[in-house]
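Next come two complexes, and both contain chain A; in the first it sits with chain B, in the second with chain C.
Right after this comes the complex of A and B.
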């Protein structure tokens, strides 16, 4: 009986619906580490991702399908194969890698210009804040030209996947936006 | 219901295209749905797989889209769905290049997945990894190889095996783990529930996979392979049947690399012959018997006999495949050593009635090969009972075997002819079958003259009631050709005339020609008169063709009466056969030349002619070579270990091409002769009498490859050297061959025609001409190739202008003009009589110190003398130490006969030859006898 009610509530609040979230970004930004931080709450040792990792996790009564796609140059062209029905994109930036900030900006804007992602929310993690010489969130935001983005809910959060800082804050914001806009 | 009918009914319901597109659309929609419906997806993937298995394929863009939607199913954790996903990835990997996107997910499954999906995940690595990504799977694969679960271990071993050509360096590091996996007897984890009816006991198949991988890793290292065999042969560590067979094959590989190793394996092999697995017994017996074909001196008699006994006992086991395999091995032995499997004859005979037709036919053909003078007639009577029960295809195989038998045992012609006539008259069967019988009969008539009358009598009976025009025409032709030389031609005339009265126009025309031959060849006035009156009657036939032929025949008979015209006789009774290749070539040239050339009639005299005996000799030689060729193919096939599948395939390809190659060789000969005769300087030498086959004078991989052809004229000899330049960027100018005589100068050098310029990767001929004084001059020549090399400008493909070039020379093998060059093969039906009739005789004795087998000597003698081996003496038995070779040939100049009997005895000191030659031409005979080696 209890199950029955809970599933009725689920339907009412739309929790039964699975949401697709993509984690993108250049290679070595920390995407896989963030994914497993979210899922098991621990730091795992990772290898460069050839292809993708996918995990299902429940967060605030929402079932999330989180896709972590590899960031190597050879794999980036395949990102677009996974754009369909995406509720939100989490874009991870290595805040210490100033040289490739321009590349990251280019990839980000190219991705956002895709038709299939017009309605998706964007969360940017300025990652690796634990490292010395990391740019601050506002500096990263400037480098990525985030202010230029129109008609889209977006936010940038300073984070450290190793220490677990900023990750939940960012995700909280994202879930609120999704609930508000898409459910 | 078979798959075929299943597919058919499916197609009738929905057109093929819509079926494929529906599945594609369904897949795309369902796989992208959220949440994933695992059951529905599984069903859809299985439909997709069936489609691909039926040979359907998708364009690359659609395959890619399919792959990506399938890859989205990784988000669902259902094991059964995951297994299906892996199958789909495997199939799609051949069409889409993007499968590498699954790499990370696969590796995750290998690490953390359940034991159910692990093997599938590991196996799919083969399809997604390439050289650059293979190393990333190294650690995972390595630990999977030594995994306790046999399925996981097997999967990892197979994957490593397949990845070896892709990334050798990575897989090479697994050597220790693979070795460990051979000895590790992995049980399924539920082995505690032994004897459970649901779970089989472990088959230890991972041993087989591990052994396969270890072999691949070590195959270039003979010593460690030896160690491997020793390690696993002695202790009983190999439990898996296939692994044991693999070990036998490994031994096979080793002894073919180094035959001397065989002796140390003898006791091991003897043990294996009584192994509890039939397949191990079979493989071992196969190894021993095929090895002994070329290395009989290394195989002990006892071992060989027990191998045969093993095969013999395998013939009676209940399992069909084993019986078939054993029979196949025996059949292979029967080609070379029929006498060795005679002991199996009782079993073979009982297999004739086997319910499996493949087995029964194989048994029959094997039995026919074991046939000898003693048991042929009993064999033939066994087949007579059997042949009416099999289908036409098998009948043809049997008839072919009988035909070979008849050529090998000419003295047994009576029972064979009786058999053939019996199946011809009484057997049911289609045209192809009857035709093959007629072919066999024609062969017998032309190679065994004694059989002529009996065969012709029976054929006369046969044509009284024959439904096939083609066969009737062939028989009528045979009657016309052979009938006039028999004792009672009038009998045949009556039978032939009956056909004219009773049959259709095609057969009537053939009968007319046949009748006219009787009138033209037989100098019997009464017979001729009656034939003329018959022909007159036929000249009123209602069919044009028949009338025409009758009229012509009458004209010809009239003409021959007046002794005017030999043309008539030649036309109907041709004694000569033209060399068809060169005739075709000349005629094509004649037709394509300008109109002026038509003013002169086509000159047929320049084309080589063969007498009937020569044609027969050529045919017989070809048949003998085919038999030997098949032999070689078979042994080669046996030598190659089963692991090298690609090699096998190449062998098969070349084998099928053999006939074509033969034909091209013929054409090449004609081409060389034509080229030679078109050169002005050689015109005065007169007609070309004989040309040898091209003889290689260099290694085939040398920088300059040279072949020589010896051309004989009446008073001249011309050596043609075909030089091909395999270098790039270098041209050879003024290429000549300097020939210096080895001994007494019987030949006088006239001139040399050089090659002006030989471009890279081309072939050209230079000629050296000699005048010879003696009819049968023999001499050896040491040859040196002289030329000027100049480098090529790669842009213009011309030599650099300032490059003077430098002179160079290159030594090539010597060439010999021998007695054999003055002889060509010829056929005789009765060698003994011919031999006794020839007037002059010569005898020579040779002692050969080299370690050659009798067969090798025999082959060499046939080649050196260019005579035809008769009475089936071209095969030297390898279980005795003596052999007698009978050779027959004719002089190329005047066709005088020469016959040789060479007796050879092999002893520990070498081989002793005694050659006895007889011939019409004393010099030729003496030269031939004294220059055998």
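Right after this comes the complex of A and C.
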């Protein structure tokens, strides 16, 4: 009987509210790799995401609904579909892709100017740090003009999804900010 | 009364549940909020409510972008519903569909085979080129899946893809995979593969060598035949019927191995089996398929068993039996009674049974003929005119087929003394009797007593031009009168009233009048013939053949009197009635030998019902129609237009259309909702079971609905909205 009730409560509380988090960024930045790193703690082989992945994961007692949207040019127009009720955006940058830093900056600022995202926190991953010639976090920060951001909690973290470095640090910061803002 | 346990559960669920509920109102605002709710349970509720609205026939397409967000889920039920929704509305939002691609591709590798199937089916059914672009890997992977259920689905998807985008299908090389699937171990995979191949072949016969594939897989087909479902069996039998056996040995083998299926409960399997047997039987030594042979007896009893099916199926069976009988007239000749009309048969079955009876009867068996005659006589006493009419005709057919003068005289006697006596007051019966008597008399035109009997009755009709109503019966009457003028006391008066009516008559009667006046011209005033020639060649509405005929005779009569041959010519024209007529021995309609062979090969198809063999022309026509249908596949736009389109699609989606269905009784719509949800799931499963079939492969149930619609056009109106929606695919 005890078992029965506890499993039942699990189920009931399992239906609890979820927090929406978006992972955005240009194609090939490593979004899908990061999502599954978070969910199963492993590196998965990925293909360019035509559409989206969504996974629900529990992190520090919070239920997160994490959306990884495709970053190809043809899919970027649809990012806006997913903005409503978003607690935080994780923006992933391929730190070795110097040629497209400007594009990444443009997409980032365009996205942040949307009404629906005014209250969302921003975490930037300067990803692929394991690669030689990767820009450092502060260099990426400069390229993206992060200092221009007003009225927003933001942070940038150097990461390597492949090696699993920086990911949890980034997420810890994000969760703290969300908890602060939501409670 | 639900058990306490359940009650507690429900109570707890309702009181502790924090996730907001969705009302039954179906307002878009509420549904949309629910679809993106932070509570999974609310999202699922909202999806259910949305699909419920959809099955009720409401247009819930504006919710597309938000429903789509729920496609990636581990909840199978939810996934099914979202898939169903997406299939329904994908074509309205071709651009947004791209957002589903990743899920489709991922799902096609799901550990659950059902989900793999669902993904590949859906991808191959959505007419949006953006989706098809990514079908490559999932299709190839599912074609090689470990699970036969997935493979059997994937092979059908090849045909679906072919319908949507032939070129892509060829480029992907999946047609080879499809052909290889014929070597699969699983009967269902094999039968679906051959169905898929037949389907593709009917769309474009050039891409796949159907005949060769069938040839190389005959033994495989025979092997799996016993292990597969009805529908699969149909498909395989259809394929086998396309195969020409090499020699009598192989033919015998095929026959032996399909024969068991003659006893199948599904009539379409039976007919398909008969088709295969008849196709191979001619390879055998003729005495192996004599009417008394085992195999013929088996076919015979299989056909007899079809007569205990519902009327619609009987109708189909009767049509097919008629084709078989024409090739093998002796096959059922001990079973005449089976085809006797029952009082509660629908009219279309009654009429078809008569067709069989007169064809089936063995004329060398006088006892059988007499029995049938008595049976037909009874039918002719019924009250449904169409049936009576056909029975009278059948009597004449029977008499002529039999050819015995005494028997014919007996029939003439029945018609004169019993039928006319009783039903002579009814126009159509009079018409039919007149035609029947005239036909019978043609068969023994020298039998004085019969001539006398028949002519005296017809002579007693005072104004035949009025009491006869059909063109055919008038024509026969005039012909008889002209042939036996001495038996018609008032032949000249009667002919004159016909002449007076000339312009109102139809062409057969007009020709009869013309010939009659020519033959009897010596007994008429000179001006009558002349006037008729003038009338028949000058009045406006005249039939061109009648006019030409009149013209020709007129020329003959206008030959200069000095020409010595004139008298002889006129004499010959007028007196040919004195020479014995060529003997008729059958007035039953027959197929041409060519048509018959084709129809035998199309038993159980729609062709067998219309007696209209499927020709290359019809096939081309249907191919054209299909390719037109598939041309509306939705092409994606250029990238720079994409932004605008995306924005518009989203704006459209978010336009707040509030449909209020609050008026509906809550409890009833609750019930409807649970039903609908169940149905939806079931239908989602069913939906995938079918493949669009070509005219050639219509199975019986489809034929049945066809005959149904002939007889009762509204038979299908009860199908649910969902079904209608699903039918769109």
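The criterion applied here is as follows: the second predicted complex is superposed on the first by the 167 of 183 C-alpha atoms of A that agree within 3 Å, B and C clash if a C-alpha of one lies under 4 Å from a C-alpha of the other, contacts with A are read in each partner's own complex, and residues count from 1 in each chain.
We take it that a contact is a pair of C-beta atoms (placed from the backbone, for glycine too) under 8 Å apart; a residue touches a chain by one contact, two chains touch by 3 or more.
This one's a predicted model, so the numbers in the text were calculated from it and none came from an experiment.
In the three-chain model built by superposing on chain A, chain B clashes with chain C. Of the two partner chains, chain B and chain C are each touched by A:75.
By the touch criterion defined above, A:52 reaches both chain B and chain C. Of the two partner chains placed by superposition, chain B and chain C are both touched by A:65.
In the superposed model, A:170 lies in contact with neither chain B nor chain C. Touch counts on chain A: comparing chain C and chain B, the chain ahead is C. Of the two partner chains, chain B and chain C are each touched by A:85. Residue contacts after overlaying the shared chain place A:25 against neither chain B nor chain C. When both complexes are aligned on chain A, the segment of chain C among 8-16, 116-124, 404-412 or 638-646 whose C-alpha atoms clash with chain B is 116-124. On chain A, the surface touched by chain B in one complex and the surface touched by chain C in the other have residues 17-18, 20, 47, 49-54, 56, 65, 70, 75, 78, 81-82, 84-85 in common.
The touching residues of chain B, when paired with chain A in their complex, are 32, 34-35, 68, 71-72, 74-75, 77, 98, 100-105, 108, 133, 136. Every residue of chain C that touches chain A in the complex is listed here, in rising order: 9, 12-13, 16-19, 36, 38-41, 65, 69, 72, 96, 98-103, 105-106, 134, 639, 642-643, 646-647, 650.
On chain A, the positions that touch chain C within their shared complex are 8, 12, 15-20, 47, 49-54, 56, 65, 70, 73-75, 77-78, 80-82, 84-85. Of all residues in chain A, those touching chain B in their complex are 17-18, 20, 47, 49-54, 56, 63, 65, 67, 70, 75, 78, 81-82, 84-85.
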